[in-house]
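Going in written order, the chains are labelled A, B, C and D, and every chain counts its residues from 1.
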């Protein structure tokens, strides 16, 4: 309540103190994201300290962290929520304490819109749609178009939205397709590979045109399974991955991946600008999209050196 | 014929193994029914043995390694929750060491990476053992510490990244290669299995372990170095977890500090118990553990093969584990099978289903 | 003759591989004290457990008050008026004495236990039996003997019409035994309680019982009125052989020469705070040194220090001419010191391991894990000792927990004899052992010392101590007060006098 | 542990004998205070009363499952199903109220009955069929996670259900956080009430003492004529009830259900119970120790939150090191306490 402005925890300068509740460190993407935010805060003169807390993919831990930030009387709180629902109370507590909240990456349910200032992040459904657009164009004329899907962690927002967006586009465009199988790879290479192996033994790869993997890691795991079965990834079966890590682009350069939908983790600087603006009374749009791209085979080579993670 | 059967059943090892083996056979039969005989029958293509079942075995190798180590730990009345984290540490150290090197194909570098990873994981195992044996901390707590901190250590090693080894590096052979057409992970797991069986059953180590697990105080008074044995067992368990991590990392060519071997400790414990070893310590059955591992490995494929979506993974696993656990219980068998004793023609599985439905 | 209170007919009980009871009949009449007699493993405890619902019998019928009963748990038997003290002390060590005494019957205020009333009641109960314990302390702080008394007090308090006592006296000394027998008489007289009494001490049985039922190998031998069955005949029925063999032991033991050389073991000021005061003790080759004293006098503590089971915090120990440093059970065994602890269940045997494995455990530990005992040698020595000690059933591959108490004790003895020690420490080796086996063990001790082995021998039975020992160390209040050396001093009376006088009676 | 009791034969018993079992919990409480004051000394705002209140808010569900777990562990068993039962309960609350439109109080009652029934079932399997608790309850861990995902693969909101507003309704003390006081929601009181009831049941009823007896030595308890079956099944009933109640509290706390929530909660609960001085072998420990254990767990997390500059991996390592230091200190204190008593 009474603490606002620059008298936070910092001691040293009179900049702002910001609390950041991160989902966890469950993927390289996430780690890159944390690093980007932490680096940006450290480099930013306006910010004295960034209180970083890793929620280990547990909403209760994240809520506890936010309560702790309120107790520490930070100037603003950034949350990357693990799920969309269940934030009402703690967001209300923050607003009662007069601390503005900015969401990063994932969003919260629409009904809580008044309780945060803005969300900066990716649009998973849009990512799924981008992937879908490419698939719809590429395979528009393919007779008997067959798809395999490696989904993210069952129940997670990116898994749900990337799936929904992808198939929504295919349906909208009236593409005739068969989803041969869709199983989770839990966003990891290990399970991506194992699941792909089982796909191969169960369905074979013949006649299947496309593999849609909800992230790089699973895609890279699947590529190995495909290679080990004696087929050529990228040629015998085309592959779309989401994320765009170095390794993903490398696979693209090697011709093993056909399309990459970027999900950009390096929005630290953009986030700091938004947060400082918010603390100083600015009122940005409810949603600030992160700049993200889509990349086809001809762009892989050029883009690879720009990759951060 | 009947006599021979009775003799086999009188053997306590055989009795322990009968039910898990039965369940495994049923699972295999289901798969064969759905996907054909190819499921079990491997074929050689491109100089490598392949086929669904071989794949299952290859993928189960890391779990088998960990479950074997876990069996020994459990025999001493202990438990090791840190194996998943140790797996990640082993993988992280090996991959990081290799990508820090200049020539990722150099034999010396790979050898060094493997050696460092194994030594580190053995040290971690010994640390767990020391906490249990010399500091008298309950095993679940002692190993919980590394379960929490271990993945942090693995991330520290990789700097939070997922180090990727070049596909051309011979290191990946540990996970992907084959010797005499048989995948390397299967060789490694089989070798460790054989070594542990020999070590425990050809020497007196097995009996001493069972004594320590069965009655620690009596063992001490009988002059057994129970503390030394405890440390040794945790060390072996750590080493097995590290080796499993190496295979996992080699298979993918990368090390994921966060997700590598996640929750593998639960599957390992499950395999040990399905195999007939009691969590209360004492008698242990390495072969039973191996069967338990194959059951768990086959289960995942079965779910996909019979066309269930992945929400069913957990549910089906629960049901199968429940069936095995009940079948292993003499009290349950007495309760269910007794009314049928006089009418041996009655289907034995039906009453089991009823109980489950409840 | 009054109608039977309990009547068991044609009882059969099979364990995997063993028929423990084979068509046994047993009748308990109101108000009588009835002994069940038999060798170790004869099936006495099993009979009791069948009666009280611990085990379900495979055939036969049980009538209580003329009505057929079949209890499915000891709780049910208790509710029907049968209170039991089982052979191994069966209480929960983590709870307090008072809670153990009154568990399941705690005085309550509404739904809540009234602890004050409970402690008061427990205290009164123990006072009545002449036992002085802190009822609020956890049971684990007391010795087995004390625990046994608590178990008895618990059963007595249940106020049942049938009271079963399975070897209640095995770890009690004479005073406690006297208290217990007095109590039994009082219960019979005042409450008319019928009692089943199992004991390997014949004099106790003859002292208190009206009738006895004899079992052998799970079969009924017969039922007699005590007055009609002289001791020698009873032993004959129990063992199925003539009792003469026992008598000849009497002094085959006596008077062998002890070499007058430097002591094998010499303890100087050895002690441990809070457990035993510093003491000096010498043991020579071929000598049997007995330790005598009342319950809790510190005999166990004394030998545990020598065995390396506990760490001494004062004094020094030398063995076989060398000073002993870094003493623990393993190094002790390596030096040739063997220790059979008094509590075979918790400190002695590994229940899940087989008879054979339990036997070779110490030998294997001494060799280290890498040097396995060859299968053939192992089979040979195991068979030899099963035979020598008469362990029954003689199956080396049976889990040791399935053996009767007496046979378990023999397995433990075999374990240590296998390593051919220079000094054998036996803490209550004959506790719960039948007359035949007891004679066997005593003979064994005599033989071993004859062959030059030194033996430290703890027993609550003063007769046994005086009969076997060349010298006797007397303890009182955790202090070694005197060592009796001369032939004339080696009598039960002298020992009792010494204890009463508190030492210094030379 | 048996080594302790066998080699450390106490002298003739004194009143102090009865105190030895309080040593582990005493050590826990002492270290808990040390942690707290360490935080106060090092971090600004750590001395706000709300910091302590938050421990009871954020850890209310954990506290409830840990209490249930205490019963199970005291009896010598273990219950790995609590995390999944909790998630399933929360999910069921959401689904039955939002999708099926049932009345919320009815749903809550149904969920609690379900948890109790599950405990009854698994307890019976454990007791009558002699299935190891670890495995029987591991089945529950998989089963209910699976069923939760069957109900919904994504999170579900129940903010529209009035009834669930109740849990976060709060009481302000000392003028609330603004005037330097604190606030505490009803669900924290519910959790504290659970602790209080558990304390009374464990220490002052026959059932409670039976739990200790069975945990101390099941065979003996049976031979003493205690109702072992009822006790053994009873502890799983308590734990099942607590798990479903915790699920309901979680529904109150967030008014949302997430199929992946509470993964690993069983380990947190076990850790809290054991940190609180309860032996996993059964028969020794206190429910107030569990309360202290949960507080330690929460306080360690709070310290890391206040520190605020640790990367994800350093946070984990520091947590491990703190836990290690805590356990070693606790062990050391307990040992020297045991020595002094002789």
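One rule holds for everything that comes next: contacts are C-beta pairs under 8 Å (C-beta built on N, C-alpha and C of every residue); 3 or more make two chains touch, one makes a residue touch a chain.
Since we're looking at a predicted model, the values are computed, not measured.
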| item | value |
| --- | --- |
| Set of chains whose contacts include both chain D and chain A | B |
| Pair of chains joined by more contacts [C-beta pairs], B-D or B-C | B-D |
| Far-end chain from chain B, centres as C-alpha averages | C |
| Between chain D and chain C, distance of the C-alpha-averaged centres to the nearest whole Å | 43 |
| Whole-Å gap between the CA centroids of chain B and chain D | 30 |
| Distance between chain centroids, defined by C-alpha means - chain A, chain B (Å) | 34 |
| Shared-contact residues (touching 2 or more other chains) in chain A | 24-25, 31, 34, 154 |
| Two or more partner chains touched - positions in chain D | 2, 6, 149, 153, 311-313, 315-316 |
| For chain B, residues contacting two or more additional chains | 155, 160, 217, 220, 311 |
| Interchain pairs in contact, sorted by label | A-B, A-D, B-C, B-D, C-D |
| Contacting residues of chain B [partner chain D, same complex] | 81, 135-138, 140-142, 144-156, 160, 216-217, 220, 257, 266, 269-270, 273, 278-280, 311-319, 321-322, 325-326, 328-332, 335, 358 |
| Chain D residues touching chain A - in the complex, by the definition given at the top | 43-45, 48, 50-51, 54, 57-59, 61, 149, 152-157, 159, 168, 177-178, 250, 253-263, 298, 301-302, 304-306, 308-313, 315-316 |
| Interfacial residue positions of chain B with respect to chain C in the complex | 202-205, 207-208, 210-211, 214-215, 217-225, 229, 282-283 |
| Interface residues, chain D side, partner chain C - complex | 2, 5-7, 9-15, 17-18, 20-21, 200, 204-206, 209-210, 212-213, 215-217, 219-229, 283-284, 342 |
| Residue ranges of chain D touching chain B (in the complex, touch as defined) | 2-3, 6, 121, 125, 128-132, 134-136, 138-143, 145-147, 149-150, 153, 267, 270-271, 274-275, 279-281, 311-317, 319-321, 323-324, 327-328, 331, 335 |
